[in-house]
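In what follows, structures are represented as structure tokens.
Shared chain: subunit A. Partners: subunit B in the first complex, subunit C in the second.
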Partner chain A sequence: MPLTFKPWPFLPNPPVMADPALKYVTLVSRDGFEFILEREQACVSGTISRMLDPKNGFVEAITGRCVFENINGVILQLVCEYFLYNHRHRNELNVEDMELPLELCLEVLMAADYLDC
Partner chain B sequence: MDNEVPLPPPRRIRHRSPSRARLPSAGSGASFRPRLPRFDDQSSQPSSDPALFSSDDIPASGLENYNAPVSNGTGRKRRYRGTWWGEQVIDPKRKRANFKEKRHLDSGVWMGSDESGADSLLSSDGPAWGEDLLKTTFTSKPPQGPSLLSSKVSASTQSLLPVPILKAPDEPEEHRIARSTVHNCLEKGEETIDLGEAPISEDAYTSLQPFLSIYLPGNSLMFLPTEIFELKDLKVLSVRNNKLRELPSAIRKLTSLEVLNIAVNQLSELPWDLMRLMQAGELKHFTAHPNPFPSIEHAEIRDGVAIDSIPFDHYKIAPLDAWSPVHVATGPVTQLDLEGRRIESSSASVSGHSKSAAPSLRELALRAVSKLPELDLLTDEELEEYPALLIPLMRQVKKIRASGSQQCSVCRREFIMPRTEWIEWWDCVPHENGMKRPRTSGEKLRPLPFKRLGCSWACIPEC
Partner chain C sequence: MATMRARHKIRAPRRGLVSSQVDDFESIWATLASSLNEIFTRNASQLSFEQLYRNAYKVVLMMKGQELYDRVKELIGNWLRENVQKTVINSIIPILLQAHTAQASSEVYDQTNERREAGEKFLGVLTEAWENHQLCMGMITDVLMYMDRIIAVDQSKPSINVVAMTLFRDHVLRAKVRPDEPTTVSDLLESTILFTIQQERAGHVINRMLIRHCIQMLEGLYENVGADQNSKLYLSTFEPAFLQHSREFYEAEAQRLLEVGDAATFCKTASQRIIEEQERARTTLSLLTEPKILAVVDEVLILRHIDEVVQLEGTGVVHMLDQNQMDGLHNVYMLNARVDNKKEALTKVVSKKIVELGQEINASSFAPQPPAQPAEKDADGKKSKEKPVNQQTVSAIQWVDDILALKERFDNVWRNAFQSDQGLQSSIEASFAAFINLKPRSSEFLSLFFDENLKKGIKGKTESEVDALLDNGITLLRYIKDKDLFETYYKKHLSRRLLMKRSVSMDAERQMISKMKMEVGNQFTQRIESMFKDMAVSEDLTASYKEHIARSADPDQKPIDLEINVLTSTMWPMEIMSNANDRTLASPTIFPREIESVKQSFEKFYLGKHSGRKLSWQSSMGTADVRATFVRSNGKVQRYELNVSTYMLIILLLFNDLPDGASLTCEEIQGRTQIPEHDIVRNLQSLAVAPKTRVLRKEPMSKEVKPTDKFSFNNEFSSPFIKVRIGVVSGGANKVENQDQRKSTEKKMAEERAGTIEAAIVRIMKSDSPSSFFSSLNKMLIRRRQRKTLTHTQLITEVLSQLSSRFVPDVNMIKKRIESLLDREYLERTSEDPPTYGYVA
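Moving on, here comes the complex of A and B:
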């Protein structure tokens, strides 16, 4: 089960009790890149929305900080671009396809599978 | 003498005017009979390929015998001579005449009389008969009929390049004059080409549009190769009496298709792309029955429409509907998840963002993967080494790639993973009778099931 996340020991000063309706979340890649997005945008991903749901009791719901040990920065950037793209076109019909670099598409596919989006 | 090997016949254009099309080799006599007139599309009948209907037990009508020289059992009737390209059926009438003459000559019964004697017979008929035999044996002229497949490319190269060997035997006089004029100008270095007052007759203009027909009846085909769907000029396609379980949606690429026969297969539904060919394309004659289509009386129809209220028994025809396909009913919509699995309608927790028409990231990545050139080289063994999550997705991509692409039936975008699917029932009786007569008011409708796929959860039936 890849979805068991433990609190990371190296988190600097984890806030004791963050606002559960936190507006922004931080996505961190394996190599340390951080992307700050609106929570609503990131919740396009089923995995992230489950991580951030306080009912599930993950520490990410409190800290608002999700670390992905299996996604590197380049891919996570594409994923974040997709979140914005999806959010922007959520109410439109006939949406243009977002361009993905062909050489990265298999890795993006892996990440998409993991993030369930 | 003239017993040298005949050259392959040059490719010819099939004339499309009806008079020429019916008798393409009227002038060349009976020495070569093209198979085409038997499959003439204009003599089509409602339920089956006309020729195949009447000649199911003639083995030579199948594709496998297209060039078969001598068939074993029935060899007496069809004899072929000459090279493979110049093979000719010896005309049975002619043969009978020869036989009579031969019999005449060899007959041991001879009634002596004053006027005709054995000498006179031998001297007058004998050599003539021998010559006759020689003629039939050695004179194998290149066939005079138009070949079945001719393409624009070959036609244009033929008229542009003066290839002396493959010169078209019936090149119009006008072409010859024009070409010799141009040739002379080139030879002499003249800069003015005068083709004024060239004699023009109607024969000088021939259609360069090929009339392609493919007949594959009775071949036990389980699927159709993708290459067929690259033939944009294909006009007639018959896959009658095969074992097809589904028609690929790539059939939408056959935009010139006029006649389609899919009778006697294992089809239980039709691709929506076929309906588009009928609505917007050229498809005029569509033979669907018999096939194991479910009956609409037993099919599940979308909520809200009582089965009794479906007017397929006595449909009131608006004038515009008399020819075009009519939508009869819509089945329930099935939603599929991101990996193409069905979601039970009870547990469908359709949240807001899932209804968006924007493709999922997985779908975007799959579309990008399907454009990878090395995908075709990926073998099944190599695929097994992929991460387990990816294998079913990659299989789907390969399948879509192999069968052409599929198009969303609502927004017409190409997609990999269908997100919605449903059956729509359409009546296309005028197409089934070859557009020979419109619907009449009160006629019983015979709806056919068409399967529609949507690329997102927003792509669902309008109503």
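Moving on, here comes the complex of A and C:
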């Protein structure tokens, strides 16, 4: 996604959401793959949304970086794809289920349970 | 598909996710516990959510979810007990505790300020602890989300968050302040808040936000785990205490205000208190409390005392009405409206006051009544000639004016202070009707009021003023019960106005009729309207008669202009024509020759137009313009135009045929003219006794006219004006009836009512009950067999309801009429028990 970021001309401190570090979050798999996506998209997951809740103030919320020690890159990629898919269709009804490689479905299922999504 | 599936074998989840870790439950718990403590001490920024979450996840997957739950619960409990409870209790200064235990006693008032400070500090610490707790619990719940999901499946246990709240309730709020005393933090919280509210009621400024926070805390905590709305601590403990405390406060307040004994202050304070409590409930306490606390104020402050306040001697509603204190009345109204839809307390007093004032007006209109008879008054009073309304009439009109003023005043109060309240309006009207109908002569007085205004009052007034004036009168008419009596008087007065041309404006007269029609109905004004029609017809008749004369009369004869009013005898109140009490018209007046010829000529003309009618001449009513010539002793001749009544004309014409200086006795005059005795006396008085219009000389000169008195033409008559109007003494003007006249009017009224009642009975008995097309068809077929019957009570009720717009008939009178109809066989008794009547066609 092309990023066009213009600092606000009049305000010395741009609003919080305009800060790319806060608008985007990085999801890291246990084998070191990093996925950068919009915070809003990642928050499809209940777990991630709580993790990033600034009110709670955990380290993930401060750094915008979530490391998942029990999810590997292949699965996390699928999860991220699902986030985008979900986000893209968020305002539609009767959306078709997303295609998943059959052989990974159990692992994806466990990740989904873990991430509450 | 089958082949596809065969190729893609489902990969088993990596076992390592859980079991690759060597950790056992205890070590994981150790990590978790230390992290949770970090959260409690607000050090979360170093913690990784993922790590905590994963740990909890692991524990749950190890099937140790329940154990984790219990451990966490214990951990929270310990934290609250060891840290939070201590902080809170340490913030309690002994003075607070003293104040709490000695709540009711007054000694603490000396230490108000200290107590306030201590209270604020205590509440501050407590709310801060509560907010911290909430925040931490939010974090812990989030971290332990996975565990909660497992617990939720179980259903038997509340979520960890709910548990944490109950723990706070038990370990902090219900902790004893001092180990040796029963007082808990919660008790202290309650008494401190109540104290603060009391401070605010006493007019101090308090920290509302702080109180609001405490209330929010109480609203966030529940008696049991069910999170049932009604088990909120706020509702279960604080609110009842608050309401009780308020009740006591307002009881004392009411007592204090009543001792001051000023109704206006009471109402003002009460209104103020209501606004205060409303605001307090909205900003400081809970919206749920608003209706409850208002109910307490309504009951304790208003409902119990409103009667007393309204009737407070010297300052109550009566006083306010006297002083026209709109604000005070408005406050009373608003308070009474709060507790009573009908506003009974207020209504009662207002009605009583109206009737009282009305009675005063009634009484004062009797008071100045002179004992002397009007006739005597006229003879010696010079003014009465000029102003032919006698004092009784003035007082009658005064009576109406007073009532209108009173009405205006109460309307004003009603509009401004009582918010145009419907119920009060009807009770005000009822009170007016009550005292107006207490005055036996109200109908007559009101008609006189109209008479006076239509004759003089509306001169020089604009249309809208006239309109308002008539409307006012009509308003009173609405209150009058016996509208038929009013109609009689109105007709009588109207006929005088019409025949003597005393009405200022015909437009106003017509306006009046149409207003009455709107108010009372068509039937009421029918006869009055036909009087107007007669007048119009007569005008045309006069004109065409003039034409007729102009064409046919011989020019030598001195023309006499005749203006004639032909009246339909049933529509006009004929008794005023003959004026005297005895209506035996045995001998018609003998007209002088000149008049007689005109009379005959007109009769011929009229009967030529309308055959079969009978004209009877009402000589007592007319007026005439006479040009009289007075020859002075010095030979000078002076001419005057005299405007006199018909009788005077006849009398004066007698003297035309007499030689100069000759005289006639009263008896002789009567013999020659056949004018009724009553009239002749009055007319002679006008001509000979009234100081300014002595056209005749009377001998001996005295006020009384005796049959033997002699009258002669007064050539020395003089007047500053060429045209002289000679009014008939006490005859021409509409005024209050004297006792005899009144009796006769009443008698007539009774006769008329009897007729009306009979007509109503017959109408009712004849009329078909509610008819559809079929039922009326049916009736036509079986009419001969079926006859309408009604029981006695039904009939009476029907008659009463039919006649109520005209007058309120006496039940005895109705009974008599029914009997009379039975006697005359218009009705028959169809059954005895219950008495039932049928109509005999």
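One rule holds for everything that comes next: the second predicted complex is superposed on the first by the 96 of 117 C-alpha atoms of A that agree within 3 Å, B and C clash if a C-alpha of one lies under 4 Å from a C-alpha of the other, contacts with A are read in each partner's own complex, and residues count from 1 in each chain.
The rule we apply is simple: contacts are C-beta pairs under 8 Å (C-beta built on N, C-alpha and C of every residue); 3 or more make two chains touch, one makes a residue touch a chain.
Everything quoted here is computed from the prediction, not taken from an experiment.
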Which of subunit B and subunit C A:110 touches, first, second, both or neither: both
Touching partner for A:35 - first (subunit B), second (subunit C), both, neither: neither
Partner chain in contact with A:85 - subunit B first, subunit C second, else both or neither: first
Touched partner set for A:102, first subunit B, second subunit C, both or neither: both
Subunit B versus subunit C as contact partner of A:94, first or second or both or neither: first
Doubly contacted residues of subunit A, that is, touched by subunit B and again by subunit C: 101-102, 105-106, 110, 114, 116
Touching residues (chain side subunit A, partner subunit C) in the complex: 46-47, 50-51, 53, 55-62, 66-70, 72, 101-107, 110, 114, 116
Touching residues on subunit A, where the partner in the complex is subunit B: 43-44, 79, 82, 85-86, 89-95, 97-98, 100-102, 105-106, 108-117
Footprint of subunit A on subunit B - complex, ascending: 338, 352-353, 356-362, 364-369, 371-372, 387, 389-390, 393, 411, 413, 458
Residues of subunit C defined as touching subunit A within the complex: 4-5, 8-14, 17, 44-54, 57, 135, 138-139, 142-143, 145-146, 149
